[in-house]
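Note that chain A is present in both complexes that follow, paired respectively with chain B and with chain C.
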Partner chain A sequence: MTAPAPPPAVRSRRWKDRIGSPVNVVGAAAVALVLGAGVIAVAGGNPITAYADIVTGTFGSRSTITLMLGEVTPLLLIGLGLAIAFQGRVWNIGAEGQYLVGAVVGGAFAILSPVQASVVLIPAALLVGTAAGAAWGWIVGKFQAVWGVNEVISSLLLNYVAIFGVAYLVRQPLRDPDYYLPQSKLIPSAARLPDLPFLDVHAGLLIGLIFVPVVIYAMGRTPFGFKVRVLGMNRDAARAAGIDTNRLIVKVMMISGGFAGLAGIAQVLGVESRLNNNLDAGYGFTAIITALLGRMRPLGIVLSSVFIATITVGGDIVQRSQQVPRAAVFVLQALFVIVLLVADKLARR
Partner chain B sequence: MSRITKRFGGLAAVDEVDFDLRKGEIHALLGENGAGKTTLMNVLSGLIQPGSGTMEVEGRPARFRSPQDAIDRGIGMVHQHFKLVSRLTVAENIILGQTGGRRLRLPDLHEVGRRVEALGERYGLEVPPGAFVWQLSVGEQQRAEILRALYRKARVLILDEPTATLTAGEVDRLLEGIRVMARQGASIIIISHNLDEIMSAADRVTVLRRGKQVATLDRDETDQAELARLMVGRDVSLVEVLTSAGERREEGGEPGDADRRVVLEVEDLVMSGESVSPAGGGARELRGVNLTVHAGEIVSIAGVEGNGQAQFEEALMGLRTPDSGAVRFSGDDMTGARPRRVLERGVGYIPSDRYRHGLVRELSVAENLVLDRIDRPPFGSPLRLRSKAITARGAELIDRFSIAVRSAAERAGTLSGGNAQRAVLARAMSEELRLCLAAQPTRGLDVGAIEFVWQQLREQRRKGVAVLLISTDLDEVMALSDRCYVMYRGRLTETPLDRDRIGLAMGGVAAESGAGVR
Partner chain C sequence: MDWAAVLGAGALIPLLNAGIRLAMPTGLAAVGEALCQRAGVLNLSLEGILLSGALGSFLGAYYSGQAWIGVIAGVGLGVAVAALMALLSVTFKTEQVINGIVIVLLAGGATSLAYEKLFGVTTTPPRFDTLPSLKIPLLGSIPGVGAVLFDQNALVYISILAVGAVWWVLYRTRFGLSVRAVGERPDAADAAGVNVDRIRWCALLVSGVMGGLGGAVLIVAQLGLFRDNITAGRGWVAIALVIFGRWSPLRVMGGALLFGITDALQLRIQAAGGGVETGVPFELFQALPYIVTIAVVVAATAWARDDAQPKSLGFPYEKEAGTRED
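Let's look at the complex of A and B:
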C-alpha cells in the first residue's frame, strides 16, 4: 500500500486561486449582511423581515421580476466593459458619463434621423450611442497616453462634463418647445427596442447576455485579451516585451466606454420615452460595484448584477413595507464592496 | 563599532567589521556595490540591528533600536535619496518628526527658521528656511537634509553618496561645509566611490569588499591607485574558477576579427531625470553617452550602480525617450523607437530587473516565453491564441535552456532566481539576434546559473551577435569582455581591460590624465 504523493504545492495554489475568490465573495456577503442588518435596525426596521421582503418582494411577482431585469440590463452591459478595463488595471470611473453621452447622442440621432424604418434606425442608433460612449472613453485613454494624466481623475471629472452637458442639451438644442419641462421630443416609436418574448423586458438584456460569452472568449482566448491581462499584471514587463501599452490603454478605454454608451442608448430606446435629466440614474457608478463584486469576470458580473438589482428593487419594496429609507439599501451595496476588498486583502496574506 | 556582522539570508552583508571614528575627523567609506558600506552605516544610524558585534558612542555602549535612538545619541544620517516632503518648507521639514508625542503645538516656525539660518551661515550651507522643498535644487535639498541633522544636534554625520547627484560647484561647496563642521568638532563619515573627493576631503579611509574590512588607512599614506586596487580586489575569484574549467576565451581567430560590422552606435545620448523639482532643472542622468558595438564582440559597461546604467538600458530599449543624441542600429536611426520596433530589429533584451521588466509572475512559463510575439503566428492570430503552439514552444525552450520546472503550464512566479533568468534568456535568445543587451545578467545567481549565463553570452558572440553587457560585477566584465567602457556620472569612458584602470575609472579618475571627471 503506497500512500498517494502529496499534491504539488503549485496545484493547490491554483486551486485556491480559483476557488478562493468565490469563497471570499460569499464570506464577504455574509459579513456585509450582518453589518447591513445593523444599519436597517438603526433605521427602524426589522432586519430579518426586511431581508425576507427584499427577496420575496423582488421575486414574488412578474412585475417586480421585470423591474429587476430592467435594472440588470444597464448594470450588466456597463459591468462587462468595466471588467475588461479593470482586468488591465485601467481604472475607468467614468462609465456614468460614457453612459450619458451614449444615451443622449444615440437618442438625439434616433429623434433627428430622416430615415425612420426600424430595421435601419435601431441598429444605427445603437451603433451611434456605442460610438459616442467609446469616444468619451477615448478622451480618457488619450490623456493618459499623451500626458500621463491619471485615468481615475480624468474619467471621474468627465462624468460631470457629461451630466451638465446633458442638462444643457435637453434645456436648449434638444428641447421640445411644446413642453414646460426641459426634455426632448418623444423617442420615435420606430426606434423602440422590442421586448423579449414572454417578458416585459427590452432586448437590451439579450444584447448583454450575448456579450457575456463574447467577452469571456475575447479576454481568455485572443491576443488582445492576453495583452490586457498582462497590462494588469505587470505593465513594465508588457512594455519591455514590445506591447504598446499606451495604445492598449486607449483601446481598453474605448471598449469600456463603448459598453457604457451601448447601455445608455439601450436604456433610451428600451425604457425612456424622452431624453431628460432623469437619464442620470447612477448606473455607471453602481456598475463599478457590480464589476468589483463580480470579480471582473463576465459570469460573476451576471450574478452580481442580478444581486445588486434585487436589493435595489427590494429596497423600494422594503421602504414601503417597513418604512426603512431606500438609502439604507445603498449603504448595503457599499458595505458589500468594502467588506469584499478587505476580505481580498486578508486572503492575500 | 567592533566586530559588527549583519546577515541577510545566508549572506553576510557585513562580516566582523571594526570601525572607529575620531572627533573632528572626516572618514571615508569606500567599496563596490554590495560591499556593505550602506549596511554598516544603517546599523550605525539605527535603521537595522546588527546580528552581532558591539558599538560604543563617546565611550558608552550603545544599542539602537530605531533611528530615533541614534539621533538621541547625536548620530544623524543623510541618505542618498533625500527624505524630505516636497510640499513643506525647509523649516517645516526640519521640525518634522519632532512634533510627535504629547506636544500639540508646533514649534514657532520663525524661531526655527532663524536657527536654521544661523546654522547655515556657520557652515556655509545656506538654504532659505521658508522655501518649499520642491523649489530647491538638488544641492539645496541636500543642504536642508544636513541642516536637519545638525538642528537635531548631530555630532556624528553620515553622508551616503553625498556628491553623486551634485554639480561640480555644489560638490566643492559641500566639501568645504564638511571641512568647517569637522574643524568645529563634528565627526563625519562619507560613503563614496569618488577617489578624487576622498583624497581631497577625507582624513582616513576604510575600504570594504564583500562585507569584509580590507583596510583602514590615513589619507596621507595612500594614493588613488592603491585605494582602487583595494576596492576592486585581486583575490582568486569566480573568474579563475570558471575560466580554468575550460571556458578560457577563444584564442585567436575570434569572429570579431573577420567581421567588424558596426551593429550598435550611440552618439551623444542625453537624458534628464524624470521627476526632479522644476527649479532643479532635472538632473541629467545621461550626459552625452557615446558607444559602438561590433558584430561578434562582447562589449561591457562597467561601473558603480546608479551612474546611469539603468537609464541607458531603458533608453536603448525604447522604454524611455532621450532628450537628444542618436541611437543607430545597423546604420538605421532608432532614437526613441518604441520597444516593439527595437525587438523586431533583432535585439534580445535581458533586463536588469528580471521580475519588473522580464517576467510576468502570474502567467505560465510558456506564456512568458512567447510574451513578445503572442500576437504573431504561430502563437496567435488576431482572433485566436494558439495554446498548442505556445505550449510546444514553451516545452522546447524549457528543454533547450534547461529550465527546472515541472511543466510549461507552471506559473513563472514559482521559478527560482536562476531558472527565472534562464527563462528570460530563453525568450531573448529564441530567435536569431543581431544585438543582445544583457543588463546585470548574473545578479543574485548562484555559480551554476552564472556559468550558464556566461556560456550563453559567449555562444551569442560566437554566432556573430553583438553583445552589450552592462554589469557592476568586475569579475564578470573581466571574464567576458572584448572591450570595456566604464560608466561614471552619466558618461562612458573606454577603458583598457585592466582591473586597476577600470577601478580608477569607476572612481571617476579618467584613464589618461588621472584628472577627476565630474
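Let's look at the complex of A and C:
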C-alpha cells in the first residue's frame, strides 16, 4: 500500500519488537478454549471429551503422531516464509497459489526429468519447485514495486489462477491417459523424499527445522533482516533511510513464495503419489493462521505449527467420534488468532 | 462456434440483461466497500461478509419459503460479520489487514460448519426456485432499454436503489461529509468535533449491509442453493473494483457492470463453444475473471493520474498518538 500517511513509528515498533508476556498467552489461550468449547457444543459435540480426544487421539499412537508431523511440515515451511513477509508488513496471502505452483512445476519436473538418479533428481526437483513458487511470488512483488498494486489483492487473486492452472495441467498435458480421473503419472520412486530415521515422516520436516535457525539468523543478524524489519515499521521511513524498498519487497515476495513452493514440492515428493486437484488442500491459508499465532517468529511458528497440526489431526478424530464437522477446526483456528490479537492490544493499554 | 449466437444483434439484449444481473452481488459489495474505505477502513473481511450473507439468505429463504426473509437474514449476517470487523479494527484498533484475512477464514469455516451441521454431506444439495423476472409495466415495454433494464428480478431493482442510496449518502449528507473527512484527515475531523470511531463503525456496518445484500442477491436471485465457498472470491474482486473505480461509488459500480457483462459473455462463449472438447481449455474461462481483475487493477493503479486513495486508509486513529506532522 502506498498511503503517504504512515502510522507513528512508536506504535509500529511496539507491534514488532515484543514477545508477548506468558500471562498474556495463557490468558488468551484460556479465553480461546472457552470460545472453542462453545463452537464444539454448537456443532453438536461434547467440548470436554472433544478436547481430551484431540490431545489423547493425536499423541496417543505412533501413527497419529506421524500424521501430525506430516501436517506440521507444510505449515512450518510456508509459515517461515510468511513470517519474513509479515515482519516487513508485506501481506502475502497468495501462499496457497505459490504452494500449488511449486508442487505442480516441481512434480512435473520430477516426472519428466530424463535423469532419474535420486541424488540428482530430488535436489533438482526441490529447487525447481522452490523457484516456481518464488516466481509466482515475484509477480506480486513486481506489481507492487513497479505500479504500487496492493499485494493483498494481487496475491489472493493469483491463487485462483494457480488453482485453475493446475486443474488444466493435470487434465491435459500432464495427464496419465490410463486413468479416467484427471491426474498425472506416478511420481517416480527415485524422486521420493526419504523418511527420517525412526519416524515415518518424510525429510521435508527436517528441511523445515533446518530453516528455523537460518531464518532466525537472517532476520536478526543480517542487513537483510534489519531492512525487512525497518520496512515493516514504516515503509516511507525505510525509503528515506536509503533502503530500496521496491527491490526489497520483490525479494521478500520471492523468498516467501519460495518457501511456499518448497512446501508444495516437498509434499508432492514426500506424501502425494500423483499430481491432481487434491493438491489444493488449504495449507497456504492455514499457514497464515500459523504465522500469526507464532507471532511471525520462527520459534513461535514451530510451536504454532505443532499446535495447529494437533487440532487438525485431532479434529479429524473428533469428527469420527462425535460427528463434529471438520470445518469446526477452521473456526477454532481463526478464533484463536482473534483472541490473541485482542489480548495483545489490551495488554498494551 | 456460432458467433452470431454470441455477438449477434439478437443476442445483445439478453447479454446486457444477464450482465446487469451477474454484476449485482460483486457490485453491491464493492460500492459498500468504497464507502467504508472512504472512511479510512480497509475492510478486507468483505469476502467473509458476502459468504455469510449468502448462507444467511439461503437459510432464511429455504426454511421460510420467502425470498424477502432470506434477504433480511442475509443482510443480518453480513452486518454481524462487519460488526466483528469494526470491533477489531475500530474499537480495538488491531491491524486491519490481519483482521480482514482472519475474518474471511473464520467466515469460511463457520459457514461450512453451519451448512454441514444442518444439511449433512449430500450429493444433491437442497435448492429453491430463484426469483422470477418482474417486468415493470410501461418502462419494460420500451424497445431495447426496457428488456435490458426493466425486465429483471425484484432484487436487481432494489440493488440499483441501494447503490444510488450509498452515492447519495456519501455526497449529499452530513454523514457522508464526515465519512470523507475521516478518511482523509481523521485528526482534522476529530478537531472539528466528528467522532472518528463512530463514523468508521457506521461505515463498516453500511459495508456489511451492502455485502450481505450482495450475498443474498447471489443466492436468492441467481443460484438458489449454497455450497462451501460459494462466493468464489467475489469479495476480493469487489475490493479490486474499488481500486479500479478510484473510490467513487458510481465508477465502482460501472466497473462491476463491465465485469458482469464480461462474465455473461464468457458464459455464452463457453456454451456456444461446446464445453470440454473445444481447443480452448475451459479452465482458462474459469480463471479469466481473476486474470482480468488483476489486469484491471494493475492498469488502474499504473495509469491513475490522481492519488484518489483516502489518505488514512488502513490506519486506525488513535487520539493520544495522533500527533503526526503532516
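In this text, the second predicted complex is superposed on the first by the 325 of 349 C-alpha atoms of A that agree within 3 Å, B and C clash if a C-alpha of one lies under 4 Å from a C-alpha of the other, contacts with A are read in each partner's own complex, and residues count from 1 in each chain.
Basically, a residue touches a chain if its C-beta (ideal position, glycine included) is under 8 Å from a C-beta of that chain, and two chains touch if they have at least 3 such contacts.
Just so you know, these numbers come straight off a predicted model, no measurement behind them.
K.L.:
So, does A:Ser154 touch the first partner chain B, the second partner chain C, both, or neither?
P.N.:
Touch partner of A:Ser154: chain C, not chain B.
K.L.:
Taking the superposition as given, does A:Val101 touch the first partner, chain B, the second, chain C, both, or neither?
P.N.:
Once the two structures are laid over each other on A, A:Val101 reaches no partner at all.
K.L.:
State whether A:Lys345 touches chain B only (first), chain C only (second), both chains, or neither.
P.N.:
A:Lys345 sits against chain C, while chain B stays out of touch.
K.L.:
Touching A:Val302, do we find chain B (first), chain C (second), both, or neither?
P.N.:
neither
K.L.:
Go through the superposed model and pick first if A:Phe143 touches only chain B, second if only chain C, both, or neither.
P.N.:
After superposing on A, A:Phe143 lies in contact with chain C but is clear of chain B.
K.L.:
Identify the partner contact of A:Ala241: answer first if only chain B is touched, second if only chain C is, both if each is, neither if none is.
P.N.:
first
K.L.:
Applying the document's definition of touch, where does A:Pro223 land relative to chain B and chain C: first, second, both, or neither?
P.N.:
Touch status of A:Pro223: first partner only.
K.L.:
Could you tell me if A:Leu335 is touching chain B, chain C, both of them or neither one (first, second, both, neither)?
P.N.:
second
K.L.:
Between chain B and chain C, which makes contact with more of the residues in chain A?
P.N.:
Answer, by number of touched residues of chain A: C.
K.L.:
With the touch criterion stated at the top, can you tell me which chain A residues are shared between the chain B interface and the chain C interface?
P.N.:
On chain A, the residues that contact chain B in one structure and chain C in the other are 8, 10.
K.L.:
Which part of chain C faces chain A closely enough to touch in the complex?
P.N.:
Those residues of chain C that touch chain A are 42, 44, 88, 92-95, 97-99, 101-103, 105-106, 108-110, 112-113, 116-117, 232-233, 236-237, 239-240, 243, 281, 283-284, 286-287, 290-291, 293-294, 297-298, 301-302, 307, 309, 311-316, 318, 321, 323-324, 326.
K.L.:
Using the touch rule from the top, collect the residues of chain A that touch chain C in their complex.
P.N.:
For chain A paired with chain C, touching residues are 1-8, 10-11, 15, 39, 43-44, 91, 93, 143, 146-150, 152-154, 156-158, 160-161, 163-165, 167-168, 171-172, 285, 288-289, 292, 325, 327-331, 333-335, 337-338, 341-342, 344-346.
K.L.:
Which of the residues in chain A come into contact with chain B in the complex?
P.N.:
8, 10, 14, 221-224, 226-227, 230, 233-234, 236-244
K.L.:
Which of the residues in chain B come into contact with chain A in the complex?
P.N.:
These residues of chain B touch chain A: 317, 319, 338-340, 342-344, 349, 351, 356-363, 367, 371-372, 374-375, 380-385, 406, 410-411, 414.
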